[in-house]
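Shared chain: subunit A. Partners: subunit B in the first complex, subunit C in the second.
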Partner chain A sequence: MRRVVVVGASAAGLATAAALRQQGFGGLITMIGDEPHLPYDRPPLSKQVLTGQWDAERLLLRPESDLKAMNLDLRLGVSATAVDRTARTVTLAHGGTVPYDALVIATGVRPRLLPGGHGRPGVHVLRTREDALALRDRLGDGRRLVIIGGGFLGTEVAAAARQRGADVTIVESGAEPLARIIGRAAGRFITGIHRDRGVRILTGLKAETFDTADGAVTGVRLDDGRTLPADDVLVATGSVPNTDWLRGSGLDIDDGLLCDAHGRCAPGIHAAGDVARWFNPLFGRAIRVEHRTSASEQGIAVARDLLTPATPQPAAPVPYFWTDQYEVKVQSHGYLPGHEESAVLDGDLAEGRALIGYRRGRHLTGVLAIGMPAKDVRPWRAAVARRTEWAAVTSAPTPAR
Partner chain B sequence: MTPHDHACLPPRFPQARPSECPFDPPQDYQDWRRRDGLQRATLWNGSTAWVVTRYEDIRAVLSDPRVSADARNPGMPRLSPAGEDRTDQEPPFVRLDDPEHARQRRMLTADFTAKQAAALRPQVQRLVDEALDEMVRKGPPADLLTDFALPVPSRVIAVLLGVPYDDHPFFQSCSNKLLDMSLPAEEVRATSQAFGTYLYTLVESKAAEPGDDLLSRLLAERVETGELTRQQLVSMALLMLIAGHETTANTIALGTLALLRHPEQLALLRDTEDPAVIARAIEELLRYLSVVENVVVRVAVDDFTLAGEQIRAGDGLIISLPAGNRDTALLPDRPNALDITHNARAHLAFGFGVHQCLGQNLARTELQVAIPSLLRRLPSLALAVPFEEVSFRQQMSVYGVTRLPVTW
Partner chain C sequence: MKVHIDEHKCVASGQCVLVAPDVFDQRDEDGVAVLLDDSPTPDKAGQIQEAVVICPGAAIRLDRA
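Moving on, here comes the complex of A and B:
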């Protein structure tokens, strides 16, 4: 293996490249990124960047000189448009091709858009640095922000926007924000935090069209006929894996690139990060996890698999994410979507400190901790990793340490 | 030709410790301390800076708000070619001023309290015993530096931070190069970058597989909350990893050598069980050896007077901890002698002021366990070469021996 091509220059791509170099790979590493920036971190975009606490320079994952020292063939502001698996080349938007011995696909996701309205002044999505800076510059005292979608992104932005004094409304099509993932009880709790801080939350409603004047957005029309006046609208209704460029490649694509437990999706091709759907033996199925920590973990695992393919390391990672909702820290270990039951295993939601367990089949498949210190949550991660029986955690709530 | 032949050019800094008495600070520094006023010295690049050698002056400078530790200040003395500014990233917090310095340091203080260090003592004892077992198993002669003095603090800091100890050849070699003032800037920069990539990858892996260690906790509790950037965490990790083992390792090796030269004091320390006697002896070794010799630099950010000299904003200040620790103001009675019954507790070996060594409690525990355990385990410990053949680290930020052949 002389040349590794990494498509995607964000957390997963950089983790792959850094781990390859760290483990002694001296061959050529080409890293292709469609954004014009050096690799940067995304979680702060909806947090410290929106509140104005951080400028964009603080997002850099590695200082420029250290990246140079990694001796990467870094192609930024260039997108990959196709892969030719027979010739083993990646085609670039400006027409050139890059040959590879090993290809790592880490192209991430993009926001799901609503038909009509995008591109108009005042209509936002939040994925890139530019998106965050544009939205940041529009927030302020009394500015009216309507957020379509009460998921993690929508609620985080609501919290940041309230800190900036904006007037915030969340429109959520489900029964409670976040309920689809974390369950209704926890969703209700998060809703309560937001309502206490003056966020208006409308549930069971969909946004139908944007009202505009002189081309700029002035409001959102809902499916009950109401119109919400707005200076800005954030569309936060989920994301779509960036796999369009792989159409016709013959790669197995189904809500992301399907990979085995080592991130292999085809001979000579791995995928990592938000775009990848890895088989996870812990849950017995392929899951796509848009978590920052999975991006690093998968990138590092891919590098290892590339360098020592003969000794694949069994991986059954426990996904982890966190979200800050005002001063309340929410952390989760495991995989929550599609859970069949949830229950408070420790603490009490009414007191703002609780550990909620999630069941799928007979096992504890995930936990969500609200307002608990990380060290108290860590034993639960182990409980998920051990595939602890649900009956055991519901009868004796504190896991053995 | 003596340095003073250049009538117009101030003497150079740094200078070597005298070969006839390699535990003492350079003779010039001792002279400067005894003279009135403040000495100016010439650095490798021809620039000049004040050298502060007196105990009270050092304490005054290190606690003066008109003095900055910010490495980005253009007036900051650069002691070697590699002391070059990294303009594309923020320096580690030890090279920043308050409030940012204090903000980052506070994130670590709970892990380095005296109480924490005391709680680690049994673990340190175990690591010391294991290193001794291994050295004894291999049999004499041994290199006390690589067989004992380095592994003990390296293991301790690796466990604390959550750095795999198996990587010690890599991180020890990186640390050594980063402290080597004779290397060209390019080599030091490349080393710091490789070290940075290593630590970046390590920190990234902690996100997914958190352990019960300091880096995992900082990542979960500080980076994810936005209090620290990833780069700040990487710089912090690099700083703690280097500072956490180089200084202690060199004090263990050099301290053992000094005790071997003072057999009656060695016996006193070996034969006592009294923790107060041991603690006092370790403070005296810290003072007497002062291994952190070419590290502490400052820059004036305002005009002020020091030792009768007018210091101007932008003037560089070099702090000689070894010289200050031999001042009669600290120790009126025989400051140039090693005497483990000295009360040296107010020494400057850990610096002074807000930047004083964060890991001093841990260092004390390691030294208090390592040196007496070594002496008790190997009562017949002796140099395996004539003293004159022991080679000392030259042109390094942290002083010590390059190796220490011993037998027993």
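Moving on, here comes the complex of A and C:
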């Protein structure tokens, strides 16, 4: 293997490249990114960047000197449009091709859009640095922001926008923001924090169309007939894997690139990060996890598998995410979507401090910590990694150290 | 070899403690990463580099001076 091509220059792509170099790979690494910027970090976009605490320069994933030392053939501001698996080349938007011995796909996701309205002044999505700066510059005292979608992104933006003095409404189609992932009790708790801070939360409603005047958005029309006046609207209704360029490649791109536990999609091709649907032995199925930490873990695992394919080490990582909701820190280890039961295992939501466990099948498959000391949460990660029986954690609910 | 943590970037995930438990710990009150050893021996380099890559806040830097 002499030439590795990484498509995607964000967290997963950069982790792959960094780990390849750390593990001694001296060949050529070409990294192709469709954004014009050096690799930068996305979680702060909906947090410190929106509140104005950080400027965009702080987002760099690695200092420029580190990147130089990695000796990458960095192609920024250019997208890949196709892969030829027989010739082993990637086609670029301006027409050239790049040959590879090993291809790593880390093209991430893009926001899911609502029909009719995107591109108009005042209608936003939040994925890139430009998106965040554009929204940041519009927030301020009394500015009316309507957020469509009460997921992690929507709620984080609500918190940041309230800190900027904006008037914020969340429109959530489900019964409770975040409930689909973290369950109703935890969802209600976080919703309560937002209501206490003056965020208006409408549930069980969908946005139908945008009202506009002179091309700019003036409001959102909901499916109950009501109109919410708005200076700005953020569409935060989930994301779509960037796999369009792989159509016709024969790769399985149904909800992201299907990979085995080593990140392999096909001979000579791996995938990592938000775009990848890895088989995780811990949960017995392939899961696509849009978490910052998974991007790094998968990048490192892919590099290892590329350099030592004869001794594969299946990765069974415990997914991790965190979210900041005002001063409350929320952390999770494990995989929560599709859980069949949840229970408070430590603390008490009424006191704003709780550890909630999630069951799927017979096992503890995830935990969510709200306002818990970080150190007290770590043992629970181990409990998830060990596939602890649900009955064992609910009968003796002190941390399984 | 010198390790640096940017406390303002740290998100208190504790991922660094998982990969390099001899080098990192978490502060009791807020979980922010702290160094047990800011000039670790070269045999720890692999672990620390993994922590640099795995850190979800991109808060760790390793200087190999």
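Quick notes
The rule we apply is simple: the second predicted complex is superposed on the first by the 401 of 401 C-alpha atoms of A that agree within 3 Å, B and C clash if a C-alpha of one lies under 4 Å from a C-alpha of the other, contacts with A are read in each partner's own complex, and residues count from 1 in each chain.
Just so it is clear, a residue touches a chain if its C-beta (ideal position, glycine included) is under 8 Å from a C-beta of that chain, and two chains touch if they have at least 3 such contacts.
In this text, all values refer to a predicted model and were calculated from it rather than measured experimentally.
With the C-alpha superposition on subunit A as described, subunit C and subunit B clash in the combined arrangement. Using the contact criterion defined above for the overlaid structures, shared-chain residue A:317 touches subunit B, although it does not reach subunit C.
In the superposed model, A:70 lies in contact with subunit B only, and not with subunit C. Counting residues of subunit A touched by each partner, subunit B versus subunit C, the larger count belongs to B.
Touch criterion not met for A:132: it reaches neither subunit B nor subunit C. In the superposition on chain A, A:292 makes contact with both subunit B and subunit C. In the superposition on chain A, A:329 contacts both subunit B and subunit C.
Residue contacts after overlaying the shared chain place A:276 against neither subunit B nor subunit C.
The residues of subunit A shared by its contacts with subunit B and with subunit C are 15, 18-19, 22, 41, 43, 58, 60-63, 292-293, 296-297, 299-300, 320, 322, 329, 373-375, 378, 381. Residues of subunit A that touch subunit C in their complex: 15, 18-19, 22, 41, 43, 58, 60-63, 292-293, 296-297, 299-300, 320, 322, 329, 331, 373-375, 377-378, 381.
By the touch criterion given at the top, residues 9, 11-15, 17-18, 26, 28-31, 46, 49-50, 52-58, 61 of subunit C touch subunit A in their complex.
Of all residues in subunit A, only 11, 15, 18-19, 21-22, 41, 43-44, 47-48, 53-54, 58-66, 68-70, 292-294, 296-297, 299-300, 317, 320, 322, 324, 329, 373-375, 378, 381 touch subunit B in the complex they form. In the complex of the two chains, the subunit B residues touching subunit A come out as 86, 88-89, 189-190, 193-194, 196-198, 200-201, 204-205, 207-210, 212, 217, 220-221, 224-226, 229-231.
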